[in-house]
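Presented sequentially are two complexes of subunit A, the first with subunit B as partner and the second with subunit C.
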Partner chain A sequence: MSFKNWLYALSAAAALTLPAVHGAQAQEESIYVPLFTYRTGPFAGSGTPIANGMHDYLTLLNERDGGIGGVKLVVEECETGYDTKKGLECYESVKPKKPVIVNPWSTGITLPLIPKAAVDKIPVLSMAYGLSASAKGDTFPWIFNPPATYWDGFTQILQYIATQEGGGIDKLKGKKIGYIYLDASFGREPLPLIEQLSKELGFEAKLYPVAAADMQNQSSQWLSVRRDKPDYMILYGWGALNATAVKEAVKTNYPMEKFISIWWPSEDDAKGAGDGAKGFKTLNWHAVGADFPLLADIQKHVVDAGKSQVSSKDKVGQVLYNRGIYNSMLIAEAIRKAQEITGKKAVTGEDVRRGLEGLNIDEARLKEIGLEGFTGAVKLSCADHNGHFSTFVQSWNGTTYEKVSDYIAPMSDKVGPLLDADAKAYAEKNAPWPARAEACDAS
Partner chain B sequence: MLYNIFIDPFVQMAQMPDLLVQTLWEGLVSGVLYALIALGFVLIFKASGVFNFAQGIMVVFSALTLVGFYDKFSAAGFSGHVAAFVALILTAAVMFVLAMLVERVVLRPLVNQPDIILFMATFGITYVLIGFGEMVFGGDPKQMIASELYLPSGSVDVEMLGGLVSFQKIDIAAAVIASVMIVGLALFFQKTRIGRALRAVADSHKAALSVGISLNQIWVIVWFAAGLVALVTGIMWGARSDVSFALEIVALKALPVLVLGGLTSVPGAIVGGLIIGIGEKLGEFYWGPLLGGGIESWFAYAIALLFLLYRPQGLFGDKIIERI
Partner chain C sequence: MFYRETGQFKQSYAADQAVFPILQDRLGLAVILLVAFVAVPLFGNEFLLASVMVPFLILSLGAIGLNILVGYTGLLSLGSAAFMGVGAYSAYKLSTIFPGVNILVWILCSGFFAAGIGVLFGLPSLRIKGFYLAVATLAAQFFLQWCFVRISWLYNDNPSGAIEVPARTLFGLAITGPSATPVTRYLVVLVIVAVMTLLASNIVHGRIGRTWMAVRDMDIAAQLMGIRLLPAKLLAFAVSSFYCGVSGALMVFLWLGAAEPSAFDIKLSFLLLFMVIIGGLGSMIGSFFGAALIHILPIVIRMLPEALGLPIAAATVEHLTYLIVGALIIFFLIVEPHGLARLWQIAKQKLRVWPFPY
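Now for the complex of A and B:
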């Protein structure tokens, strides 16, 4: 090879290498946070406001604070359509970019990621969804599902029903409780608990599964409700299932004050049924509305600046938008904690897992964030990746949801042993399930 | 077990006849609406031999366009019945433009290509409409402007057979409007010159061309008709739930109807829709609890396949005998 050719080769190599070096430096100075979202498809009605809330919070941190700890966040959405197959494709596509956390936003997508998380060293945040037993940090060191599991939620609803009946949990004896649910991993998750508790507490459970293809066609299920006459109805729905269920309940003249949902219905789900939906209830653990300094900042730095995808300003502060805010608060605080523990700026997935285990968002920290009074304190540990926090019941008044109960703690005495047994059964079923090797930082 | 399958459901029917009537009514309403969706598929298949995979998203797109136009009028200070009907006319115009675009951009360049290519092209139309719809209207669910379109609300409760049977006014309206539309389309097919041309195209493209029928014109008309069917379907299903991309999967309910009624028969779509609608409601209500519930989605296919065992050509299809 002549000198001239060597020179060309060297120049070409330099040209190819330099961007790679810059890329590596850029990567080192940023934190990659993929968001699995669904803005299209049958579940977009629920997915879109959550995606907006999640994205807007992280955008605010970049725009207002320059990221977290001086490191910019690289936020990227991957559209799953609430489809497990697409969700797994999203996971494989983001994996090479070294994400510090993944948020599947689907119980169906979360379940196959559980065994992958430990291998790929990417923590999974399935916020109040996914496998309830993954709260057990000793068995599932890479999975986090605060602030409450679907099992916790079910027992919180049962306790609310008992108080409505004028007493303790023994008041459920002899009652007939209907459970209408999306016939998918999410809706089936509480079934073992329902079977167990119906025997222990003496209530009769009537199950009304709704296939995804029939979400908007629930007349058969509600005819069965009319025949069975359950004393209370519990809803675990998602997407168009919730709106249709509320409409069908109104149509069937089911008493709305006895229709209680897990924490997923939105304002739109109740609004469509008109005045008849007044009194419809759901669980929640955070405020509704935009009257918080953090949300004012989002309005100013993100929405008004045209960096949000919300269709109108009044969407900021709605239930599922605020749910997305809560989710991103957990992500951001876990990254911050990881930086604090490791002393590094550009943290990795392994660091953020430690950050999640050390998560301690107390009232003072909520005030600093600009979310004072928005929600309760959150503290996780190596053993408890959920916290099993209290929730409250909110009721639809025709315009918005109003808090109508005190905070209700889950029935830990009932759920705890079942979670232990389920975690153990999961490990045995997936043997050889690795014993926890990750050290515990939390004090 | 045998008692639960063969005796108990009929005992329940006799003991609670009011619930039987209610179930039959719900099945009838669903059946008419399924027939409407199936009709969208049948129209396009008859005229172009294409199974239109995009029919479901056309339901979503038309409903979102209608609500979208109305929202724009409301934002500009015009709301109420007049705005709703202007939005309806504009949406019909959009569906006409869509039909022209499909003919010009998709069908015309693919003429004489194998059917499977045209079928795959309808996948393309589906994803373009999903993306375009999401970009323009967003993923938020919207409320159908039912009252603005003079669609009734509330119910008519009738005491009968020792109980109360509730007929939702919106369901009565849906059944009437869908029936009128189905009868209108059937007459259009049978009695008008364009209808005869459509049937000629369905029989043979080449023969139709040889007698001077414009294939392009027929395709535009038939896709426009399917667009209008999609619009009515979107309004009716949207009023029963909400207007969102979830409406797309409602179109799946037409598949067992098509299995039963055939892809080329308008009466097949109607009778098939009614059999599937009533059959699945009775199945879910009386036999569903034996299987843990939620059997409706596959029970419809079971009914269709059971019929095909005895009548493989479908309800109104001709028995095809090929001599070799």
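Now for the complex of A and C:
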């Protein structure tokens, strides 16, 4: 290619990029809600339904109600690919547009945002992931992680196991419990709790770490499981790790009804293992299925109108789709609460932070939204940004997940001190950590 | 016509051996530095500084480090991300153990730790070459990443398993942590990268660089000429890892703000290798070209549909970016297998004879 052509190509590229720098939207009276999603990359299988759920709920509010409180929502997706660097790039690119809230959907992206949130005045909603200690609103006024932490989830699984054994938590004595987990921050977080509880409650813990690079190759871990014969298995995985774990469990003939996971596996993770996966259990805090007035509205106003990216109608109502719905419900209700507190229509990040602290979604409000019986009531406070709400166990029946237990409350007496110590340690390690300057609305 | 060295006579050996012997090159460099130090901080918005320029400079520094090893000494390495991680983790440990010392001192010191580890994993390079050495450095990548996950002392037993950057200041200005403005961070990174690039350029143009290039072109011949192979190769590993280490520390402290071990995974090693190969093996400016192509081009492509008002979903844009960048990489490698730096050279050559090409 001659040099002249190169020059032409270069100048053309430069001409195209110039307007990009000034491409910010300037709409009056709107609320900007960016959604960090990952429909590409190794975790797309989990990320796509979540993204669809989040997007469809907010689109419904725009289409059906004209936004929240009469103000349109500007919903924009930014693709992170579950990559921390790209996530931060997304954050920087949405920051000038004054987002009222961000949902990183990755612990790796959440961690760098935790100190930034207070400076940039943008609250971070890391729904049941991220830093567990951020439940402490006094230390982390800008971070919210309802409805439960990974530590809460672990104690809920233990209590479920105890009831299966026919009694209280003391029934765990002498039991052998296997823990298979992603060998990264997420899976390693419960380790100190396991160490403490196994001593206090007298069960024997067997650990099976799976490195992130070996998610799809767990045969050695499952050979150890076959040798150790744990009474119960607990799974903390994400993406391909879940699907592989279920498959390997089926292959090793591990009794599926004794295999219990944290809340992240989807239908596809269990479906891939065939009939043998029946009885596989996961925690959850919201219903599965599309049998709710709100989801019917989404079907009508969003999916049928061609405004959704779901590949087929039956995807609406799947576990992770509904998880996205739940996430967007929290966003929408926080914005509504912020409007209520401040009396403003176009609220800012600071207002939404107050809205999140005053969040109070009771049964009556759930009914109004059209999600009666979808989930338990949500109430946060200035001190408690998590809520530590109850979750239930659902079981895979070959086609869908069925709720098989009552709501189980976490063992807050065990988890609480750990959270306190952790929040304190974080503030000390990141000294000078700013003391909470934000006033608390008495709600 | 304008770019011509006619009439520029060298009157000393020093002038003849200068890195930039032609006046126009020196002027060009001055303009680039002026733009980088004055125009970009003055006119760039936060996104340009924080998400485009800072990562670009840090990745360029890493690419220079790898280029010293792969491009100048001919030793193929796949462990550069791990050496970056060593720099990041040692800077983190040092700065939490001695919080009183200025963070920039620790960022530069962390390079020595990376250099030490680099030398250790460079030891086999005397016996093995090419792909086999790549596999040996791959072992470093996996082993070190395993250490970052498993040795909780390295991340101060944080339950999150990640290293979080404490707020640190320089002359009373916050340079790390949440309140550090993008402009400050950019200027700090720019100074470090500019000085280290100058140093690297001097090293590779001097006796040491010539030694490395002799080893690269034919190590037996180099040995016969009296070059001791082991010290030469280990020095290349040390200097290369030093650069990677500083770049890793900068990445965590001035760019990301917090990092999980997965930030230093094999993907980053490959990315740096691509930058070096596409930019140009054995070229300083090539490292910058490579980093620009791999880091800045996807951002530009991602912003295009929005700027042009095309309603394309974010995920589709991402897929398109992969397609376009991938195609461009292949295109560049076919058009010019010696990388963008060679294209730059050809362009300069054409300019010299313009407007009367022969």
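Going forward, the second predicted complex is superposed on the first by the 414 of 443 C-alpha atoms of A that agree within 3 Å, B and C clash if a C-alpha of one lies under 4 Å from a C-alpha of the other, contacts with A are read in each partner's own complex, and residues count from 1 in each chain.
The working rule: a contact is a pair of C-beta atoms (placed from the backbone, for glycine too) under 8 Å apart; a residue touches a chain by one contact, two chains touch by 3 or more.
Since the structure is predicted, the reported quantities are computational estimates derived from the model, not experimental observations.
Enquirer: Will subunit C clash with subunit B on subunit A after the two structures are superposed, or do they fit?
Expert: clash
Enquirer: Look at A:A212 in the shared chain and tell me whether it touches subunit B only, subunit C only, both, or neither; answer first, second, both or neither.
Expert: both
Enquirer: Regarding the shared-chain residue A:P112, is it in contact with subunit B (first), subunit C (second), both, or neither?
Expert: A:P112: touches subunit C, not subunit B.
Enquirer: Could you look at A:D183 and tell me whether it touches subunit B, subunit C, both or neither (first, second, both, neither)?
Expert: both
Enquirer: Return first, second, both or neither, reflecting whether A:G272 touches subunit B, subunit C, both chains, or no partner chain.
Expert: first
Enquirer: Have a look at where A:Y407 lands relative to subunit B and subunit C in the superposition and call it first, second, both or neither.
Expert: neither
Enquirer: Now that the structures are stacked on chain A, which of 5-13, 41-49, 113-121 or 329-337 shows subunit C clashing with subunit B?
Expert: 329-337
Enquirer: Across the two complexes, what residues of subunit A are contacted by subunit B and by subunit C?
Expert: Shared contact residues on subunit A: 39-40, 183, 211-213, 309.
Enquirer: Using the touch definition up top, name the residues of subunit C that touch subunit A in the complex.
Expert: The contact residues of subunit C facing subunit A are 45-48, 50-51, 55, 96, 99, 142, 146, 149, 156, 158-162, 164-167, 177-179, 255-263, 265-266, 299-300, 303-304, 306-308, 313-315, 317-319, 322, 335, 343, 346-347, 350.
Enquirer: Taking the touch rule as given, give the residues of subunit A at its contact with subunit C in the complex, in rising order.
Expert: So the residues of subunit A in touch with subunit C come to 1, 3, 6, 13, 16-17, 19-21, 23, 37, 39-40, 51, 76-79, 81, 84-85, 88-89, 92-93, 95-96, 107-108, 111-112, 114-116, 118-120, 131-133, 183-185, 188-189, 192, 211-213, 309, 422, 425-426, 429-432.
Enquirer: If you look only at subunit B, which of its residues touch subunit A in the complex?
Expert: Those in contact with subunit A are residues 16, 19, 22-23, 26, 29-30, 130-131, 134, 138-141, 143, 153, 155, 166, 168, 237, 240-242, 244-250, 252-253, 280-281, 284-285, 288-289, 292-294, 296-297.
Enquirer: Taking the touch rule as given, give the residues of subunit A at its contact with subunit B in the complex, in rising order.
Expert: Within the complex, subunit A contacts subunit B at residues 38-45, 47-49, 183, 207-217, 219-221, 223-224, 226-227, 239-240, 243-244, 247, 251-253, 268-269, 271-272, 274, 309, 311, 315.
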